[in-house]
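Below is one structure; the comments refer to it alone.
We just call them A, B and C in the order they show up, numbering each chain from 1.
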Amino acid sequence: MGRYSLRRIAEAALVALIMSFLLYNLISLLPGDPVDLMLEGNPSVTPELVAQMRALYGDNQPLVQRYWHWLGNLASGDLGYSSSQFKPVMEVLGPALLQTSKLMIWTFVISILTSIVLGSLAAFKPGGWIDNVISFFAFACVSSPAYWVALLFLIVFSVKLQWFPATATAIDPDMGLLKQMSYFVLPILTLTLFSVGQYVRYVRASMIETLASDYIRTARAKGLSRITIVRRHALRNALVPVVTLMALSFGSLMSGALVVETMFGVQGMGKAIYDAVMMKDFNVAMIGMLFATLVTLFASLVADLAYGWLDPRISLK
Amino acid sequence: MTEQIELTQPNSSTAKALEVTGLTVIARRDGTTTEIVSDISYAIDRGRTLGVVGESGCGKTVTSLSVMGLLPANLSSAGSIKIAGHEMAGASERTWENTRGNQVAMVFQEPMSALNPVMKIGTQVAEVIVRHRGTSPRIAHKEAIELLAAVGIPSPEVRANDYPHQLSGGMRQRAMIAIALACQPVLLVADEPTTALDVTIQAQILDLMVELQDRTGTAIQFISHNLAVVSQIAHDIMVMYAGRVVEKATAQEMFSAPLHPYTRGLIETLPDPDRPVKRLPVIPGAVQSMAAGAAGCRFAKRCSLADGHCAQVTPALELHGSDHWVACHKVPA
Amino acid sequence: MTALLEIDAMSVHFQVGSGMLRRGKTLKAVDNVTLQINENETVALVGESGSGKTTLGRVVAGLGSTTAGSVRFRGAPLEASGKIQMIFQDPFSALDPRMLVGDVVAEPLRLLGRGKARDRRDRAREMLDQVRLPKDAAERFPHEFSGGQRQRIAIARALVADPELIVADEPLSALDVSIQSQVLNLLMDLKESRQLALLFISHDLAVVHHLADRVAVLYLGRIVEVASRDGLFKNPSHPYTQALLQAAPKIGMRRSSQTTMLRGEIPSPLNPPPGCSFHPRCPKARDICRQVAPALESAPGRTGQLAACHFKD
């Protein structure tokens, strides 16, 4: 297990480095003087600092050098200042990250559990009525664009039924926890629906294949009940390929979250990055995008490591 | 569990390990029905091995699955199946679940795929013990190690923590036998258990099965397409063709005086270093599947002795001598 | 007897498990094998998993390359001349399911550039007739035929280019018992009528006894015994050969529980035991067997029979 994991972690770190370089390049294409962009919003600007920055980050410096200095800064914890909001980048992105995390993590957990249950139920009798209902449902979920579903929910649940509030911008930290959570129900539900639609099909296909295996027949020959067989024998084997797919899609959850955040007024990362780019907020945009990249990379790393952990044939190579 | 059948009393019933009467299995697909097994009857005494021999399409695997209650959903069966005297035909799935792995157990052909690849060997053996005897996992694990030792796996306490892919084919098959015999079943159904193994390993496994049978008194239903392999382990032999039993006798009788033309053809068609021939006798043609209810001997088309009568009237299994059954019109009574 | 095929000190090694950072291990599939096949002769290669018999057969048929040593056909290196053809074990995957049977059989001629399309078609039909398949078989697809019939198609394909040597890798193993003898008889008839040499790979000693002139026994890539058919079966010299013969199932003999003389598992060819690779399982093994690999030499008092054992009979 050790050698495989270490190699994967090293590879992930390398990719992260390369990605950060590419991102830096990309942002450098923004019109404007990079030094100005970086220093705007910094309350403690002095001519010496400007000169220092110009020496480090000025246009006349080679790109690689600028990138290297910037990386060094990052490593020491200096993320810079937001030029649009005149605050340190962390103060801008921090709360946004919190909101997006709430959305993503809840969505992820609920959709995984739901799709495992639904997918397994559907796999029990392929072609049966339960399977047909679940498969149709999954198909509908995947086919419906997130913004359309969001609108539907808003109209039905917020406007007509008045069960849930519509815009999360109205959250007040002084509200009770339950009231705060109620603002998230609809966005989470919207995102979950789409994820479930995807995952159910993976789980179903994998479970059908697993249930047809010889070792399941052996398990039946042992006299184990169907539930035990699914729980103890089929599930782990069926989930091995599915888990990796799920972990990989965690990264894309972030972009799906952007649409939903916009629809429901959640002040999340997606919105923050978008605003930053529009306002030429160099630092926030960089850090935000870098963060999104790292999350995706991390998710894929976890997927690989999980695969190695779940299937002993891989790790003991 | 109230439905559990207690077996291990010393003076247990004199019922045979297995008694099958009139078993018929039908496949229904797209409106056509095919008889895969037609009205077969046989029995296995405790402590004896019945070899079931036949080629593809003879129904031997389906017969074994019926005896285990493991028929796939598209097959339906009729007839009586008594395991240790208890009627299992039409039993609920619950009853079957209590019986499988407990009174009757099965060993399959491909040991690689028959074991769960992500579960340790020891756990897979212990699982049966926990399921049917309700012992704690810890005790079951200890028993599992003893079982692995009993089937000849060296360093069983180490091997118990291995995964299937870390074991060789022969070892895996031994583990499968350990799983099957864990609860001391009355009947062990072995479906081509050595076909996928090398010759020298096959010999070891056959020896193991004979030894375990001597020790535990388990009856064995040993299925194979290979007459020579079956003859190494069987007390009695049953030859099947196209879903029917064509001959049933002790192994000795079967080989010294085979009566059915198919059996004789099978024996003669195999090359034998002790009886070299220039040209091997051949059974012409090939096996065909049968529509349900079709009458007549199914071997007639390939039989050199067949006549019109054979093609129209299904021969019944008749007794010749003390314990030799043949289904053929052409065998003199 | 003219030598048709000469295998001289041939080895086939594979590198397994090497990646960007690792060197991987060497799998010695075939190790220093010397064997000769004469015109018209049937030589059987016998062995179990890891013996290397399939690899050896494939190299002879031109489907693999050697790591060391040489294979010569009539004194010249192997080339794609159609003189050596192969029949495989699984008749269900050996024929392209999207080609008509006639095209399947004619393909070797097409690849060798012999004759025009019409001639090739006629020849294919002729071959199908020789393997006793119906005339209209050429216009049908492989899946319309049974296993035994497909194997005949494979035989027809192997014979269409008029080869001198056929390599047959377990051609009967996937067939039903009652069909095996049909195909076996056919193979022998054709061999006889066309004066073919045959390299027959099998684990089934009964079949080997029926058709082989000479037998070579392989264990973990090395030849452990070579002998005439009768010499091997009546007087096996190497302990492995003796064990194989004893383990082979014979009709009408019930085993007692102490019959097997061979303990242990077949080692992996990735980790062959040192010295004589058979020593961990051998009832005769002594110290020298662990250290020195025995050479293939004449068995005492037996002509033409070679065995690689320090204590051969």
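We adopt the following convention: a residue touches a chain if its C-beta (ideal position, glycine included) is under 8 Å from a C-beta of that chain, and two chains touch if they have at least 3 such contacts.
Being a predicted model, the structure only gives us computed values, none of them experimental.
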Chains linked by the largest number of contacting C-beta pairs: B-C
From chain C, the most remote chain by mean C-alpha position: A
Centroid distance [mean C-alpha coordinates] between chain C and chain B, Å: 32
Separation of mean Cα positions, chain B and chain A [Å, integer]: 54
Chain A and chain C, separation of their C-alpha mean positions in angstrom: 56
Multi-partner residues of chain C (each touching 2 or more other chains): none
Parts of chain A lying in touch with chain B, wherever the complex brings them together: 213-215, 217-225, 228, 232-233, 236-237, 240, 310-313, 316
Residue ranges of chain C touching chain B (in the complex, touch as defined): 48-49, 146, 148, 176-182, 184-185, 188, 203, 205-207, 209-210, 233, 243-244, 246-260, 262-263, 265-266
Interface residues, chain B side, partner chain A - complex: 68, 70, 96-102, 105-106, 108, 110, 113-119, 127-128, 131-132, 163, 165-166, 176, 179-180
Residue ranges of chain B touching chain C (in the complex, touch as defined): 55-56, 168-171, 198-204, 206-208, 210-211, 214, 225-229, 231-235, 251-252, 255-256, 265-267, 269-274, 276-277, 279-284, 286-287
